[in-house]
Amino acid sequence: MDLLTNILGAIATIILAFVVGMSYGGIVRKITARVHNRLGPPWYQNFIDAYKLFGKTTAIHHGWMQIMGPAFLMVSSVVTLMFVPVLNNGGWFTNLNFKGDLIFLLYLMVFGPLGMALGAGQTGNPNSAIGVTRGLSQMVGFEIPWVMALVALMIQFNTTTITGLMDVQQMSGTWLMFSSPFAFIAAVLAMLGMFRYSPFDIVGAPTELASGPVSENGGKFLFTMMSSGSIFSFVKLTLYVDLFMGGADNLIILLIKTFSIYMIPVLYGIVSPRYRTEQAIRFFWGWPLFFGILAILYAAIF
Amino acid sequence: MINDKNSQKIVDIIQNWARKHSIWVLAYGTGCGAIEIPPTMTSRYDAERLGVRGAATPRQADVLLVTGYLTTKTLKRVIRVYEQMQDPKFVIGFGSCTINGGMYYDSYNTIKLLDKYLPVDVYINGCMPRPEAVLAGFGKLQEIIAEGRANGAQKYKDNLEWYKANQKKIIPSLLTTDYNW
Amino acid sequence: MKDIKAKLTEKIKASFDTVSEKDYNGNRLDFHVDVKIIPQILTFLKVNLGYIHLSHISCVDWLEEGEFEIIYILWSPVEKLKVFVRTRINREKPVLPNIDMIWRQANTYEREMREMFGIEIEGLEGAEEFLLEDWQEMPPMRRDFQTEEYAEKTFWSREGREDAIDVREEIIKRSREEIPDFAKKYSR
Amino acid sequence: MEIIYLIFILFLSGAIATFLLGKVSKRLRDIAFITTLVVPSVLFFTQINIGQTVDFSVLGIHLSWGITNFSYIFAYIVLGLGVLAGIYAVAAMKGKENLGFFFFNYILSIMAMMGILFSRDLISFFVFWEIMTWSSYLMVVFTGKDVQKVGIKYFIFSAIGAYAMLMAIVITYSLTGSMMISNLIFAFPDFEFGMQILIPVLLLIGFGVKSAMMPLHVWAVGSYSHSPMAYTAVFSGALSKMGIYGMIIVMAGLVSRIPEGYWFREVIAWMGAITAVGGTLWAVAQDDAKKMLAYSSVAQLGYIIIGIAIGTPLAMLASLFMAILHGMFKGTLFMAVGAIEKQTGTTNFTEVTGLIRKMPFTFLASLMSIIALAGIPPLGGFIGKWMLYESVIGSNHYLLIIVIFFSSTAAFLYCYKFLFGFFLGQEEKEWAHVKEAPAMMVVPMVILAIGTFIFGVFPGLILNPIDAGLQELGYAVTQGRYWEMSVLFNEWGDTVVLQPILYTILAVFVFFLAFVLTKNFKKTRYVSTKDISSSGEIPKEHENLTFSRGFFQPFLRSVEPLMRRKIDPYYNSFGRGMEAIFDFVRRIYTGNGQTYALYVVVFALLLLIFKDRLWG
Amino acid sequence: MVGSPVLLIAIPLLAAFLIPLLGIFWKELVRIIPGLVLGYLTILSASLYIDVLNTGTIVETIAGWRAPWGINLVFSPLTGFLATLMTFIGFIIWLYSYRFKRNVEFEAAKKYFIFLMLLVAGSIGIVITGDIFNQFVFIEIVGISAYALTAFYTGRNSAEAAFKYLIMGSLSASALLIAIILIYSQLGTLNMAEIAANIHNMPPQYRVTAMIFFIIGIGVEAEIFPLNGWAPDAYTEAPGPVGSAFAGIVVKAGIYAMVRMMFTLFDISGPMQILIIIGMITLVVAETSALRQVQLKRMLAYSSIGQMGLVLVAFGMGTKAGVFAALFLMLNHAIIKPLLFFSGSYLVFNSKEKNISEMSGLGKLMPFTAAFFALGSFAIVGLPPFAGFWSKLSVLTAAANDGLLLIIAIVLLVSIVEIVYYFRVINRIYFFKFDKATSVVPHKPRVNALIAMAILAILILVIGFYPDSVSEILNRASEDLLNTPDYIKNVLSTGQSLTY
C-alpha cells in the first residue's frame, strides 16, 4: 500500500512537473512574442508541439546510444524531480526528498546532459558535437558560482540537504534570499546560464549549429528531450524556490514563486544577444564569482 | 464510421489537429523567395501565432518550403533533405518558378515542374508571393492536413519509382538512398 | 594617363614584337596578342610592370568567325590602369595555356571556361565538375547550344502553356518605342 | 615454511619460470604467468591472517613482515587489478617481442607492491619500493619510444623520491635505533622540532613522487602513456596507490601527532587541489587518449591527496574509497585504450572515431568507467566524491571546495571527449574493418566496470574493510556514523540512500524504453552516420565530418591564464644548468700530464697549509 | 696448515718469471699457468683466512728475523679478507681473459699475463706486508706493471696515458719515500707495528708532514681527488680486463694502504675530517664528471673513482659502522666493477669509437653481456635487491648515526647523478634501434668470459638477497682495523709466527 502511494505520488509529481514546465515554456513563447510586438502562439502551443512530435514516426536511428541519450535525459530529470521537495509539507509529493542531499543532486543533474551529449555524439553530426562541447564548457562556467552559493548556504546552516535548508527558513521565517543575499545573487546569475536562454544559448544556436545537440533528433527523441527539458526546468525552479524563497505551502504559491523567478532569465534573455562560449565563461567568472566569494565569506563570518 | 476507410479515426483527428497547429518549417531558401520568409515569421505577419515555426534541420521539420527556382544541382540537395524528413511531411512549392519554371522557363539547368520530382502538397502562386499569400498557403496546408488529404509523402512512397526515374533523368549521379520509410 | 599608356606600350613592344594595342578612353588599354605568348606576357606584366591583380578572365564565343576570344583583365594599383590582354583561339580545337601558377585565382576562371565553353586548358588541375553536375551535352555557353530546346526536352513544360502567345517581341518593340530619350543611348 | 615467504617465493620463482618458459613455448609462458598471479593471490586471500608476522634480521637490523587491516585494503587493489590486468595483458600483448621480459617485470612489480604492503619495517619497505620502481621503469621503456626522455625522467624523479625517503629512513634509524614503522610512529612526537618537520617532508617527497603530486608529477604523463597499456592499468591503478598508502601512514601516523600538523595538512591539501585542477585542465587539452588518461590520473590522485590531507574520518574514508575505485575505473579505461590501440593502431582522438558499433563491449565498459570517473550516481565514483565534498565542507575548507568542484566539473569535458573521440561521431571507412577485442581483453574490463556499479550501490562492501583499516590507524569506528551498507551520512547527519535511487533510475529507464520503443521500434532502422542533415549535401566517402580537432578550444581559451605556466621548462632548465655545471667540472680532468702534476703539488701545499685544521 | 702467507706473494712473482720460459715449450702454458697460480692462491688464501677467522692473526716473519727487525707479513681478518678478495678477483679476471689475444699475438698475450701476475702479487703484497718500506716496494711493483699494462696497446693514446700515470706515480713514489725517510729518521724503524706503538713519541710537526707525504704517496694508487688524473686515461686505454684489475685489485690495495696508515700507523681514533672531505670531493667531482662522458670506459673509470671517494668517506667516519660500510662498499665494488668492465669491454668492442652513442640496440645482439651490464649498473647505483644497495645503506646509516646529514644528502644526490649516467647507457643498449653505421659486427663473448661474468653476477645476487652472508666477515675485518693495540701486540709478540 505504502509502495503504491509512493508510486502514485511520483506519477502525480511527474505529471505536475510536465504540465507546469510545458505551460511555462508556452508562456515564455507568448511573452517573447509580446516583447517582439507579435501576437505569439497560444500558451498551450508547447503541448501541441509535443503531441505532434510524439505522433511523428521515428524511422531511423544512428545507433543505440542515440536512443539511450534521451533516456538518460529523461531518467535524470525524473530522478532529480524525485529528490526536490515540491511543497513544504510534502504530502503526496514527498517522493525521495529525504534520501539525498544537494551535492548528490548536483551530480545527478549532470547525468542527463552527459547522456544527452552521448546521444548527440552517436548521431555523427559535427554540429551536435560542437554544441555539446560548448554546452559542457559553459557548464563549467556557471557551475562555479552556483556551487559557491550552495556551499555558502551549507556552511552557514550546517546542513547539506534541501529539506534542512527549508526547515531553516520555516523556523526563522525569513527567506534565504534575504538572509544570505550574496548567495542568492550568485545563484541567480548562475541560473541565467543554467536555463540556456540567450545570451547563453550558444549550445543550440539554430542558425549556426542547426540546433546543435538535437540536430539529428526528431519525432519521439525530440519529444522526450522537450518533455524532460520541461520537467528539468520545473525542477530547477522549484529548487530555487525551496532554497531561497522559503518553499511553497501549496501549489498556487509554488506557481507564483516559480514563475516570478523564472522571469529573471527569460526577460534577461529576450533582450540580449548571444555570447560566444568564452565570453559566457568569462561572464560567469566575473561578477557571479565575486558574489559567490562574498557569499562564502559572509557565511563563514556570520 | 470507424470501418470506413475514407473517414478518419478519432486518433487521427486529434493527431491531425495537432499537426495542423504545429507546423515546423524547413525553409529551403533557394531563390529570391527566401527573403519573403523573415517578414512572414516576424512581427509584421507573425506566422508563429498559427503554430508555424522554423526548424533547424530536416529531422525536426514537418514542412519543406521550397522557396523559388531549383537548379538541377540544388534539386539533388532538396531531394536529400526531403528524404531525411520524418513522416508525416509536407512540401510547399513557393512561387511560380516551382510551378512552371517562371522566368527560368528556358534555362538549361533549372527545373520547371517541382511536382515531377517531389510530391508537392500546396503551391503558392506569385513571383514572388507576398507574405499574405504565404500565410494563405499555410492556411491551405492546415486545411488539408486537418482533412487528412495532405498525403504527399504517401504518394511519394507509392510512386517512388516514377519519382526516382524523373529525378534520375536530370541527375544521373543521384545517390539512391534506400528510401523505404 | 597618356604617358603611362605610352610607356607601357613601349615596354611591351620592346619585349614582345607580335603585339598590337588599342587605346580606349579612360584607364583602359587593350593588347591583342598571340595565344602562345600569353603566359609570358602575363608574367611580364605581373612581375616587371606591377599589374599584380588579375581581375577577370573572360571568354567570348565568335561563332561566325569560328573563334573564341579570351580576355585577361589586369589591374595595377599603382598606375591605376586596366590592361586587357586579348587573344583568339580556334573554336574547333580550343586549347589555352594554363596560367594558374601566375595567379592562383585564375584556376577558378579557367575551370569555369573549361566547363562552360569546352576550352581545354593545358595542365589544369581541379575536379572535372565545377558548376554543372552530370552535364552530358555540349557546353552550355557556346552560342550554338540550343537552350530552349534543351530545356523543353529535359524539364517538361506544364500543360496549358502551349497556347500562350509569345509576347516577347511585342514587349521588346513596345519598350523601344516607349524608351525615354535620356535612356535611349543605353539601350540596344 | 611461512605462507608469507611462500607467496614471495612463488612470485619470484614464477617470474623467473615465466621468463624462461618464454624461450620454450608461448602457451606455457602465458599459463605460467597467469598461474603465478593467481596462485599467490588465492593463497593471500585464504591463508594469510591479519596480524600474522614473520621476523628476521638483515645486517643486524630487525625486520618484520606481516599484513595489517590497513594494508589489506590496498592488497585488494593490487591483487585484484593485477590478476585482471594480467589476464588482459596475455591477450593484449600477444605477438609482441620480448614478452618474457614484460611478464617478468609485471610479476615483479606486483610482488614488490605486495612486499610494500607486507613491510612492517622501513628497510623492506624501501627495498620493495625500489624493486617496484625499477620494474615499472623497465615497463616504461619497454616500448622503446622516447626512452631517453621519458624513462630517464621517470627514473630520476623516482630516485629523488626514493632517496629522500631513504634519507628519512636512515635518520629515523639513527634516532630510534629501529627500523620498525610502528617504532617511528610511536617515537615521533618526542623527536626534536627540526626532525619532526624534516622526516615527514622527506617521506612525503618520496610518496608524492609516486602519487604524482603537483610539482613532482612531471614524470607521470610520459610514463603512463609510454608503458604498454596492459601495464599502465596497474601502473596508474595500483602502483600510484602505493604513494597514497605511504602518504596515509605519514599523514595519519606522523603529521597528525604533532602540533604543527595543521599547517602541514593545509599545504598538502592545497597541493592536492592544485594537482587536481592542473591535471584536469591539461587532460582537457590533450588529443591523445593515453596522455589524457594520464593527466586524469594525476588529477584523481590530487583528490585522494586532498582527502588524506584533511584527515577527518570521512575524508579518509573518501580517499581510500576513491583509491580503490580509481584503480578500478582507471584500470578499465587504460585497458580500453589498450584494446583500441591493439585494434586500430592509434590512440589519437583526432584519428579514431565511431567505434561504438565495432567494439560495443569496450564501449560499455568505458561508458560505465567514465560515469564512475565523472562521479555521477549511481556508479561508484560518486560515493568517493560525495564523501570528499562532505568532508571538505564539514572541515571548513571553503575555498578548497570551490577548487575541487571546478576541477571535477571540468572533468566532464575530458570524460565526454574520451567517449566521443573514440566511440561516437562519424564511422569512418578507415575503421570499418575494426572488430571487438578478444574476449580475454574484454572480460576483465567488463568485470571491473560491473564492479564499479556494484560498489556504487553497495559501498559498504568496500567501506567495511576500509573501516577496519582506519581503526588500525587510530580512527574511531565509522560504520553507522558515516555509512551503512548502502546509505551514506555526512558530518551533520544528512543522508544519501543509494538503493531507492537505483530502483528509481531503473524504473524510469524501463518505463521510458517501453514507452518510446514498443510502438515504433520495429520500424526504426539503423542508418549510417553519413546520413546526417548536412545542409542537403551528401557527404562523400573521403569527406571527414568528424569533429575532433581543437575539441574544447573555447574552454581552453578561457582558462588559458591558468595553463600558461608549465613546470616542465623549469625542470628542464634546471637539468640543463646542472649538466652545464657538470660539464664544467669535467674539465678539471684536462688530460694534460703537467696539469695533473701541478695538482699534486697544489694538493701537497694545501694539505700543508691546512694541516692544523684537518685533524687534531 | 695449508701454506703460508708468503706464498701469496712468492708464487705469483715466481710465475711471472716462469711464464716466458715455459711459453717456449708450449704456448698454451702461458695462459694456463696464471690460472693455476691464481686458483691455487685463491684456495690458499681462503683456507688461510678461515684459519685466521678461527684462531687469530697470522704474523709471518721472513728469513727468521722477528719483528721489528725483520720484514713480516700480517694475515689478519682484514688483510686476509682483502687478500682473498684480490686473489679471487684475479682468478676471475684470468678466467675472463683466458682467450685474450689468443691466436693473434703471442708476445702481447705473454706480456699481459706476466704483468697481471706482477700486479696481483704487488697488490697482495701491499695488503699483507707489515713493513712500510716493503709496502713502498710493492707499490712500485704494482705501479710499474700498471704503467706497462696501460701502455699495452702501444698506440699514441696508450703511451700518453701511461706517461701521465708514470709522472704521477713517480711523484707519489718520491713523496712516499720522503715520508718513510721522515719516519725512519725519527723513530728508527720501518715496521708498522713498531711505528704505531711509538708514533706519539714523534714530534707533531714531523708527524703531520710525514702523514701529508704519505697521503700524497698513497693517494695516487687510492685515486683520491686531485691525484687521480691518471685514472680515466689509464682505464680507458688499458685493455678491458686490466681496467677491472685496476678497479678490483689495485685501488683496493691503495685504499687499504691509506686506511692502514691513517688508522694504525698514525693511530687516529674517531672521525677523520681529512678523509671525509677528500672523499666527498672525490665523490662529487668524479660522479659529476662521469655524467658528461662520451666513452663508456671513461665513464666507468670516473664511477670507480667516485666509489672510492665514498669508501674514504665511510672510513673517515672512524666508527665501526663506518668501517663496516666502507669494507662492504669495497667488497661490492670489487665484484661489481669488474663485471661492468667485463661486459662493458664487449660493448666497446662493438662500437667503432668506443662511444656510448654507438651502442644502440646491442642488447638484442648480445643478450647476456647486456644483461650483465644492466645487472652491474643496477647493483652499483644501489638499487635493491642487489648487492650495492646494502653497502650504500650501511654508509648512510653509519653517517646518520654520526649525524652527518649533509653528507647523506650529498651522497644521495650524487647517487641520482650516477643513476642518470648508468641508465642512459642501459636505455641505449636495450631500447634503441641497432644502428649498423656506428656498430661493427658483434664480437660475442666466449664461454669463459660468460662464466666469469656469471660468477660475479651470482655473487651480486647472493649478497643482494642475503647480505648477512658476508656481514660476519666484514664485522671481523672492521674490528680488526679499528683494534690498533691488538695489531701491535700480535706483530711484536711472537704470536702465531712461522719461520722458514
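Residue numbering begins at 1 within each chain, and the chains themselves are lettered A, B, C, D and E in the order written.
The definition used in the following text is that a residue touches a chain if its C-beta (ideal position, glycine included) is under 8 Å from a C-beta of that chain, and two chains touch if they have at least 3 such contacts.
All figures in this text were calculated on a predicted structure; none of them were measured in a lab.
Asker: Considering only chains that satisfy the touch condition with subunit A, which of them also satisfy it with subunit C?
Answerer: Of all the chains present, those in contact with both subunit A and subunit C are B.
Asker: Please report the minimal path length, in steps, between subunit B and subunit D on the chain touch graph.
Answerer: Steps on the shortest route: 1.
Asker: Can you list every chain that touches subunit D and also touches subunit E?
Answerer: Where subunit D and subunit E might share a partner, there is none at all.
Asker: Which chain lies the greatest distance away from subunit E when centres are computed from Cα atoms alone?
Answerer: Relative to subunit E, the chain with the farthest C-alpha centre is B.
Asker: Kindly indicate the chain pair that has more C-beta pairs in contact than all others.
Answerer: The largest set of C-beta contacts joins the chains A-D.
Asker: With centres defined by CA atoms only, which chain is the most remote from subunit D?
Answerer: When every chain centre is compared against subunit D, the largest gap points to C.
Asker: I'd like to verify one number: the distance from the centre of subunit B to the centre of subunit C, where each centre is the average of its C-alpha atoms, in whole angstrom.
Answerer: Once rounded, the distance between the two centres reads 40 Å.
Asker: In whole angstrom, what separates the CA-based centres of subunit A and subunit B?
Answerer: It comes to 36 Å between the two C-alpha centres.
Asker: In whole angstrom, what separates the CA-based centres of subunit C and subunit E?
Answerer: That gives a centre separation of 95 Å.
Asker: Please work out the Cα centroid separation of subunit A and subunit E, and write it as a whole number of Å.
Answerer: 79
Asker: Send over the residues of subunit B in touch with two or more other chains.
Answerer: 57, 59, 76, 181
Asker: Can you tell me which residues of subunit A touch two or more of the remaining chains?
Answerer: 57-60, 210, 215-216
Asker: For subunit E, write out the residues touching at least two other chains, lowest number first.
Answerer: none
Asker: Name the touching chain pairs, would you?
Answerer: A-B, A-D, B-C, B-D, D-E
Asker: Spell out the residues on subunit D that touch subunit B in their complex, using ranges where they run on.
Answerer: Per the touch definition, subunit D meets subunit B at residues 523, 525, 531, 533, 535-538.
Asker: Taking the touch rule as given, give the residues of subunit E at its contact with subunit D in the complex, in rising order.
Answerer: Touching subunit D: residues 160, 163-164, 167-168, 171-172, 175, 208-209, 212-213, 215-216, 219-220, 225-227, 229-230, 232-233, 268, 272-274, 277, 285, 288-289, 291-293, 378, 383-385, 389-390, 393-394, 396-397, 399-401, 403, 405, 408-409, 412-413, 415-417, 419-420, 423-424, 427-428, 430-433, 467-468, 471 of subunit E.
Asker: Touching residues of subunit A toward subunit D in the complex: what are they?
Answerer: Subunit A residues touching subunit D: 57-63, 65, 67, 70-71, 74-75, 78-79, 82, 96, 98-101, 103-104, 107-108, 110-111, 114, 117-118, 121-126, 129-130, 132-134, 136-137, 139-141, 143-144, 147-148, 151, 154-155, 158-161, 164, 210, 215-216, 220, 224, 276-278, 281-282, 285, 292, 296, 299-300.
Asker: Using the touch definition from the top, list the residues of subunit D that touch subunit A in their complex.
Answerer: My answer: residues 354, 356-357, 367, 371, 374-377, 382, 385-386, 389-390, 393, 396, 398-399, 401-402, 405-406, 409-410, 412-413, 415-416, 419-420, 424-427, 490, 492, 494-497, 500-501, 504-505, 508-509, 512-513, 516-517, 520, 523-535, 545-547, 551-552, 554-555, 557-559.
Asker: Over in the complex, which subunit D residues touch subunit E? Could you list them?
Answerer: Of all residues in subunit D, those touching subunit E are 57-60, 123, 126-128, 130-131, 133-134, 141-142, 144, 147-148, 151-152, 155-156, 159-160, 163-164, 166-167, 170-171, 173-174, 579, 581-583, 585-586, 588-591, 593, 595-597, 599-600, 602-604, 607-608, 611-612, 614-615.
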